[in-house]
Each structure stands twice: as structure tokens, then as C-alpha cells.
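Here is the structure we will look at, set down as C-alpha cells.
Chain IDs A, B, C and D follow the sequence of writing; residue 1 opens each chain.
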Amino acid sequence: MEDSHAQAETLALREQFDTEAQQKDASTLGMWIFLITEIMFFGGMFAAYTIYRSAYPTVFGVASSSLNVTIGAINTCVLLLSSFTMVMAVRAGQLGQRNMIIFFLIITLIFGCVFLGVKAYEWTEKYEEHHMPGQIAFHLDGTPLQGPAKLFFSLYFAMTGLHALHMVVGVGILTFIILETKNGKYSADYYTPIDIAGLYWHFVDIVWIFLFPLLYLIDRHLPK
Amino acid sequence: MNTAVAVEEKENYLNNGYGLKSWLLTKDHKRIAVLYFITISIFFAIGGTFASLIRAELLTPPGDLVSSETYNKLFTMHGVIMVFFFLIPSIPATMGNFFLPMMIGARDLAFPRVNLLSWYLLIAGGILAIYAMIAGGVDTGWTFYTPYSTTYSNTYVITTALGIFVAGFSSILTGLNFIVTVHRMRAPGMTWFRMPLFVWANYATGLIQVLGTPVIAVTLVLVFCERVFHIGIFDPQLGGDPILFQHLFWFYSHPAVYIMVLPGMGVISELISTFSRKAVFGYGFVAFSSVAIAVIGFLVWGHHLFVSGQSLYAGLVFSFLSYFVAIPSAIKVFNWTATLYKGSISFATPMLYAFGFIGLFTIGGLTGLFVASLGFDVHVTDTYFVIAHFHYVMVGGTIMAYMGGLHYWWPKMTGRMYPEGWAKLSALIIFVGFNFTFFPQFILGYVGMPRRYHAYPDEYQVLHVLSTAGATVLALGYLMPAVYFLWSLRYGEIASANPWGATGLEWQTPSPPPTHNFEHIPVVTHDAYDYTTVPREVMEVGR
Amino acid sequence: MSQHVHEHIDSVGTYVGILVLLLIATVATTLVSFIDLGNFSVVAALAIAVCKMLLVALFFMHVRHSTKLTKLVIVGGLMWLAILLLLTLTDFATRGWTGPGR
Amino acid sequence: MGTRLPLFPEQASTISVEVDHLLYYLMAVSIFFTLLIFGAILYFAVKYRRKSDTEIPPSVHTGFALEIIWSVIPFGLTMIMFGWGASIFFRERRPPQDSMQIYVVAKQWMWKLQHTEGQREINELHIPINRPVELIMTSEDVIHSFFVPDFRTKQDVVPGRYETSWFNATKPGKYHLFCAEYCGTKHSGMIGWVYAMEPKDYEVWLAGGPKGTMVEAGAKLFEDLACVNCHHPDGSGRGPSLVGVFGSTVKLVGGGTVKADEAYIRESILNPAAKVVEGYMPDMPVFQGLVTEENVVQLIEYVKSLTPPRPAAPNVAVSSAPPNR
């Protein structure tokens, strides 16, 4: 029984749908709703950030200035580039150019990994500077308020960590899609998974677009 | 009996595969609903056992039955299990899963595999929570208030929080699936305003699940980080603010109340209509009131924080906004009552539960107005008044609707009728037991008995004894259906496709339904609840 | 019920243009942060971020061509984020206010 | 065993009467609607019970006007609930300026109370009747909640800051004091009694206590902790003079001001660099961990004593200046 149903449904059109358009619509809508969930997920942290930044503006400025703004800006650019290559991959999907899909997805993957690598480097640096909240030797120069300074770095690690976790998941998804493309699963008629993975990837990019100024660019004008 | 079974051997969703694999890897929303039903029944039994132990302890003023550590773990685990593993999945994941696609004429939900995944997530979360209980329990209260939960409690907070976190994603995925299904999977002719109100209610619930649940997920992540890395977000020693936790927690947990009760309201709309053979009075108002409750429900969470150290003005704002939830709730109750007017009212068991729901929800809702009133809430918050209030909504509301819906759709789900006499008796016992359990708690609360007390002053004993006695009756009331439902699976009368003479699409297909719900996808030409479409012979056969 | 989806395939030029705008905006927000704008610097940083978000969403995520429903979903999501932030702030921004006469 | 069956708490404070009146209103509205709904259901259920299996009742059209009426009228009634509750709350949250002050420090699982006159109590609070009593409360560990049912007052006690609560007892007697916010294992043991006494009895009780007021204890701490070395009364020391500071608006380094209330003084003792007074260096040692919460409130009381009581406070509105957080 189960087998016959399984045969009846093709990859491009699952049994519960009537038309391919209906299926694509449903998948896209599903992804967007999932992204809304993600907005709220990050939203909790943004709420905490808002409260504590307004409570301790000076400390947040000092702590923010201890981050490496050049690296942060470059990493932002890397992520934006990856978004560009991602959308190019989706475009290749629309046109059914299988080799181009793979090419652009691999570039996206590389950019994603570069971003994560740079992030790892930044975290190591923070660890060595004793800026990690879990460390007993935590200390931030330039402010007597070590508690709120810790709060900043807690938020920094929680937010960038959560973002990085999403990147890791994204890298996994891209790898899967590259393999599936290789196996010839997608065509100009059916490339919904690439499209949806793209939405996810761009969303993660957007989160970073906000994290970068909020974490790296507070009170940069003040003398160090 | 045997011949009847033989005759009935049509292919349906239950008999098209018997192996364990055919269940555990199913993508059929009806089978997943059954899996959910079994799962949450177990959780209900566990949560109920904790409740019984709590009531037993409170029979006498001193803390003599269990130690205070144990007592604290009991009420915490009662809350965690009942809220996150029973009430939140209860109606949407069982009846919603089973009937929402059928009611809109779809073959399945939009994402059947996601649906199965969400069941596995609930199981995974449940296993974590139960592991935490067996390993030593958790004693923070289901609210996990900081800094107690982050710094002072040395129980299994992390495991439990992780369990809730995972179960939360189960809830998100269910909501997401429902929303997409309602938008994209409706049968031809099934316009928005032809949808049964149960679908509207579950749609609104889906909105809350999708928008609210992630916030508690991230809050639990922060609690987790605070315990493991001591990051200070909620720690006053480092300049953090414990009240922020309460904001984030109630941003979800207040709307979560509507996750629990909205689907119940949807069930009641179906029951009232079917058993009075009338279209629900003010259909459009009832439909929109569900969405209104979902939306306004997000604006009122601060009424849990009136005495917590929230600012004076925030208290005023939240109290004011809270009263706006009263409008859509009142609209529902009045419209249900008006539906009965000039109806043809049957007293079948589901209808008795519907009456019970309206009555108890009315009391629960009205006492909600009490606690939203600032000056009054200062006195009764964190007392048994609040306990009584939310049990009237959760148990008197949601569980009454759950039981009503279960009886109503039992013939469709299993193909068997339940024994009507026993069912009526147990409905009556539950109603009486419930009121004896929880009404005295209103008085207890106003007199001053704080919640989460292991031992209490002597003068409160009489009311506590009443409450415990009521709880015993209530427990008996819940045990009876467990027995006769099981009995009916084998010995119950064979159910016809439409035993109640109801109008929904789910009744236009055999009981139990075939795997793909309908032989042909129906084309809808009438509004919901149009009883002129029900064939006369169906009504005659109908009880 | 299934409105047929017309595939809009944007040109490579469009995407390159958007990418360039995004990179410029990144440099701009970095530079602006080194100028003392007082309280306005937060506003500037967020304004640039919102513009970047719009570019990514409208072009890279194809919101331009999306259904009304998708747009509604997005606006709704952002509104809920605003609810979370603003109503939390009703408390934190008014802490210590004791009203007239104090 | 339960010797009496209390169905109603004592009305032992001024506010309790008001809360009870609000209760009567709420109950009247609720009972009316409950009876209305129950009555209608019962009446319809009996009158329109199914008479034959095949009957199909006529359809009844939705009355738009009816929907509006039964939305608007109940909403009006709830707005009364809001206004009434809010007005009680507003008074409940604003202690009268002439209140007598008592300091409360909560910890797992006891209440520690200090009278300014020097009396210290644990899990017991003696107060005079017919006089507003303001509680200034903080917690050493988790969140607790100070709840006296017979006074209808409750306030969570949050670590790291001061919450206030007040009441004006009207009847001498012995009243329950509960912790109402779950605080751990012995939460239900964190209870005590409030003794409301005739003023003259209260004076007698006070006199029976130890010699030395809170101000004196604070002054001694001020010397023992060497605060006095820097905070000279004439402002010549390394720290600012504390004379007249309490209740004033202090200018801070880096711009901005803060009202010198209990919370500010507490913060300045425990974490002096948080808000430094303009013209001074942030070089005061940190006292976090060196002084207990009870010491802190003694110091606060001492600092308060350095500000002469204002003659008939000319109620200056400070709410126009938003506080720092």
C-alpha cells in the first residue's frame, strides 16, 4: 500500500498537492513563515540588547570599540558577496543551468566558510584578551563597570554565536543541495529547494546586517 | 460482532498497514494525530498523577506526606508536563491534525514529513523532560523565574529547559503547517468564509505558535547560557535584570494560554452547531474573534508583572490593554448562547461538554477580568485565586473542549461509538468534581493562601479538604473515559459515516476515513453549517 | 485557487548593482560611526541597516515579485518584533516614574 | 485543626476596604453575566430540545446591532474595572510622604526587618496603627514577595534594587505575613506575623529594644569603613560631601543627572564607579561583598539623616526628567 503511494508521488509533485504551482507556493510560504519565527527567535536577544544598551550606554561604547572593526566590516562584505553568489545560483536554477548552480553554490559555500573562519579567529582573539564572559580572568580595560561590560560580551557571543550556528546549518543545507544538483534532481521546472535555501541564506545575511552596526559600531568616534 | 467487523473491512487509514514501521514512518496526518493522541494521553496521566499527589499533600496543613523539596518538584513537573506536553499540543496536534485537512477538503497537510518530524520533536522533548524527572526532578516552578532558576536551584533545570525548547519547535512546526495548509490546500469552493470555525481557531492558534514560541525558545537558551557560562543577562550582580526574563517569558506564555484555549473554542463552535442543528450565530464575528484574540493576546503579557517591580506606567498600559481581550471572548460566549435560540438541541455527550465549557469558561474569563484589575490583582496574584482562575480556563475550558471533541469525533477516528450512558455519567462527574476542586480555591486565594506552599496555616484546611475531595471525584471522572474508550475500540457499536447529522466535510467520508481522506476531492458549494444539505436518512439514523 | 507563478528572472546586472550598493552601504555605515552624531548615530546606523535589509529582501529574496501574502507575512513578522521591543520598553523606559507630585 | 472557616480576610488596612469594594463590583458584574449565560443556556436547552430526529430548525440571521451591543456594553463595564483598579494601584504604589520607614531585607528563607529606631526583627514586624508605614525592601538572593493578605498589599522583593510598599493599618491584631513569590525549598516556611499595635503600645515595644538607632549604627559603619576619611561634611575631602545629598539631583561626570534616592546610594556604595559625581575621580573602593544588605540600609539611613527634613515639602515634580534607566 505504502509503496504504491510512494510511486505515485514524484519528487517534483508530492501526493498532497494538485499542481506544481500550488506546491511551490506552499513551500515558499512555509519558508517565509519559518523566517518569521527566526525573526522572533533573534528578537528575544535584540530585546535584551536594547534594554542593556540603553541602561549602560558608555560601557557598551567602550566594549564595542574593543572589537576589531576592520575585520568586522570585511566579514560583512564577505557575507554580502555570498548572498550575491547565492542569488546567482538561484538564477541559474531558474534557467536550469546545472553547472552554474553548482559553481555558484560552491562559491557561496566558500564565502560562508571564510566568514565562519574569520568569526572563529575573532572569538579566539576575544578569548585571549579575556573578554569572554565565562572566563574567571574576564577584564575589559577602560571602564570600571566590569559587570555591564560582561553583559555586552555575553550579548556579543550569544548573538554572533546564534548567528554562526545558523551559518553552520546553512553550510550543511548548501552542501546537501550541491550534492542533489550533482545527482540531477533539479531543473528549470523544479528548483524550489534552491530557492528556499536561498531565502534562508539571505535571511541569515540580514541578521548580520543588523548585528554588525549594533555590536561593532557603537561610539566609534570617541577617543580610545 | 464478528460479522460486522468482516463487513466493515473497507480500506481505511487504520487497516492499510499494521507494522510498527507503518506507524512510526507514516506521513498520514490521521495516523500522526493518533500517535499524538497516545503520547499526550500518557503525559496527561503523568501530569495528573503529580496533581493528585499535590492535592493529597495539601489535605493537611503541615507538610507531612512528602518533603518540601519533593513538593516543589511535584508542582513544577505538574506545570511543565501539563502546559508544554499536554495542553499546548492537546487539541491542535490531535484533532487539529486529524480534522483540519479533512474539513477544508485536503488530502493531507501541506508538509506531511514536517508533521511527522514535529511529533518526533515532542517525543524527544518529552524524553528529556521525563529524564530530568527521573534523574532528580526540577524545582523552579514551570515559570523558571530568574535568578532562582539560573543561580540558586541545583536541580535539573538545563535538561528540562532543553526538553521544553525541543517541544517548542514541535509546536512551531505544527502551527506553520496549519497556516500554510489553510492558505494553500483548501478544496475548490472552500472560501475563507465557508471554513468551519474549528479551522479558523486552529489557524489563529498557528499564528501564536509561530510568533510566540521562538521567544521562549531563545529565553530558555539564555537561561541555559546563564547556568552554564554565567553570562549575567538576568543576574543583578552583573547589572542584569531578572524582570527582563519575566517579560520575555510572558511574551510567549501569555499568548500560550490562547494556544491552549483557542482550539478549544473552535471545538465548541462545532459542537454547539451540530447539536443544535443551527449555523453558528454571528459566524463572521466568531471567526474574526479568534484572530483578534490571537493578536491582542500578544499585547497584554505585562499583567503577570503587576507586583514584580515593573514600572507603574507599564502596569497601567498592560492592564488597560488586557481588557481588550474581553471583547472577542465575550463575543464568542454570547454567540454560542444565541446559536441555541430556536435550535434543535440534542443532549448527546459532546453537547454536555460544550455546555460545561461555556459555563466554566465564563467563570474563568470573568475572573480574568478580576485579575486584570490592578488594585485587585496586587492582592490575589500568586495566590490560589490565580490558580483557580487559570484552572477554570485551562481545565474547565480546554480540557472540557478536548473531552467534548474527543467524544464528538471518536466515531470518525475509530469507526466505533462510545457508550453514551457511561459517557454522560462521566461528563457529569467531571463537571461536579471540577467545581468542587477549584471553586474553593477562589475563596482560599482571596483569604490569602499563597500558591506553591507546601505547608499552610490551619485555618485554610477546610477549603483545602473540599478541594482535595473534589479532585478525587475529578480523577474518577477522567478515569472512566479512559476505560470506556478502550472498551469501545472492540465492543463499541459500529459508527456510520455521519452519526450526528453534522455538516463538515469530515462527515462526508466513511468512518474511519480512507488514507487519502476522500475518494474524490469535494467541491464545496455551501456555507459551513448548512443543515439543509444533510440528507434526511442520515438524520434519522443519527442519534 | 492556485494563482500561477510567473517566474521573474532578474538580470545579472541588477544583482551586481545591488551587491555594489550593499558594499557601499557597509563602508558608509562604518565610516559614519566614526563621526560624532550624538544620539543620532544609532539612528543613522539603523537607517543604513534597514536600507540594506530592504535591498536584500526586495531583490535577492525576490520580495518584489512575491505574492501579497508573502509581503503580509513579512510586515506582520516585523510588527511582532516591534511589539516585543516597544512593550518591553514601556516598562524599562518608565522605571522610577512615580507620577505627579513626586 | 481548622477551628474556623475563613471566607473573607480581615479588613485591617485603609486600602483593604477599597479593594473589597472593588471586589463587590467585580462580583456583581460576574454574577450577573454568569446567571445570564447559565440561565439562557438552560432555558434554550429545555425549550428548544430536539423533538424529532429529522427536524431542521429555521435559520436565524445574525443581528449586527446585537453583536455591537454585546461587545460595547461589557467593554464599558470592564473599563470601570480598569479605572477603579488603576486608581487603587496608583495610591498603593505611592507611599505618603510622611510615612514611617522600615527596611526589609529578604533572604532564603526569612524576613529581616529594621526599624529606624534600631529595633531589628526576624519574621515579625511590629507596627503602629493609623500611621502610614513604608517598607523599603531588597533581597539578598532570589525574588521574594512581601504579602500581608489582611492589608491587601503585596510587592515582589527583587535582588539588586529597592522596591517599596506601604500600608496604613487600622485594626490592632496579629496578621499573616507570607512570601508570595516562589523562592526555593522552604518557600512555605518564609512566613511570619505582622503585629499592628496601638501607638502607645508600639512606643512601649520600641523602648524595649536595643539602644542605638539605625542612624547611629550607620554613623558607626561610616567610621569603621573609613568612609569618613574622604566624605568630609564640608566637601574638602576626596569624595563629595554627603550633607544634603539625599533627595537632591546629582550632576554626574560625563553629563547627565541622577536623583539621589536609596537605589543610587546603594549603587554608589557597592559599585561606586557606576555614576560618579561631577568633579570627582572614580577612585572609591568597591564595597560589594564587604557590606551586607543590612549594613547598606543602615548607611543609607545615615546619609538620609544628613539631609535636614524639608519643611512642608513643596512637591516638586521630578517626573519630567526621565531617570537614567
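Criterion: contacts are C-beta pairs under 8 Å (C-beta built on N, C-alpha and C of every residue); 3 or more make two chains touch, one makes a residue touch a chain.
Just so it is clear, the structure is predicted and the values come from calculations on it, not from any experiment.
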Among all the other chains, which ones are in touch with both chain C and chain D?
-> A, B
Hey, which chain ends up farthest from chain C, C-alpha centres compared?
-> D
Per the C-alpha means, the centres of chain B and chain C lie apart by a whole-Å value of 36
Between chain A and chain D, centroid-to-centroid distance (C-alpha), Å | 45
For chain A paired with chain C, centre-to-centre distance based on mean C-alpha positions, whole Å = 16
Junction residues of chain C, two or more chains touched = 1-2, 69, 76-77, 80, 84, 88, 92-93, 95-99
Which residues does chain B have that touch at least 2 chains other than itself?
-> 183-184, 211, 215, 237, 241, 243-244, 247-248, 251, 312
Quick one: which residues in chain D touch 2 or more of the other chains?
-> 90, 93, 325
Answer with line, ring, star, complete or other to describe the graph linking chains that touch.
-> complete
Can you check the complex and tell me which residues of chain C touch chain A?
-> 1-5, 7, 9-10, 12, 15-16, 18-19, 22-23, 26-27, 29-30, 33-37, 41, 45-46, 48-49, 52-53, 56-57, 59-61, 66-67, 69-70, 73-74, 76-78, 80-81, 84-85, 88-89, 92-93
Along chain B, where are the residues that touch chain C in the complex?
-> 183-184, 186, 188, 211, 215, 241, 243-244, 247-248, 251, 298-299, 301-302, 305, 310-314, 317-318
The residues of chain A that touch chain D in their complex are 54-55, 58, 144-145, 147
In their shared complex, at which residues does chain D touch chain C?
-> 90, 93-94, 259, 315, 317-319, 322-323, 325
Partner chain A, residues of chain B touching it in the complex = 11, 16-17, 22, 106-112, 114, 172, 176-177, 179-180, 183-185, 210-215, 217-219, 221-222, 225, 228-233, 237-241, 244, 247-248, 251, 515-516, 521
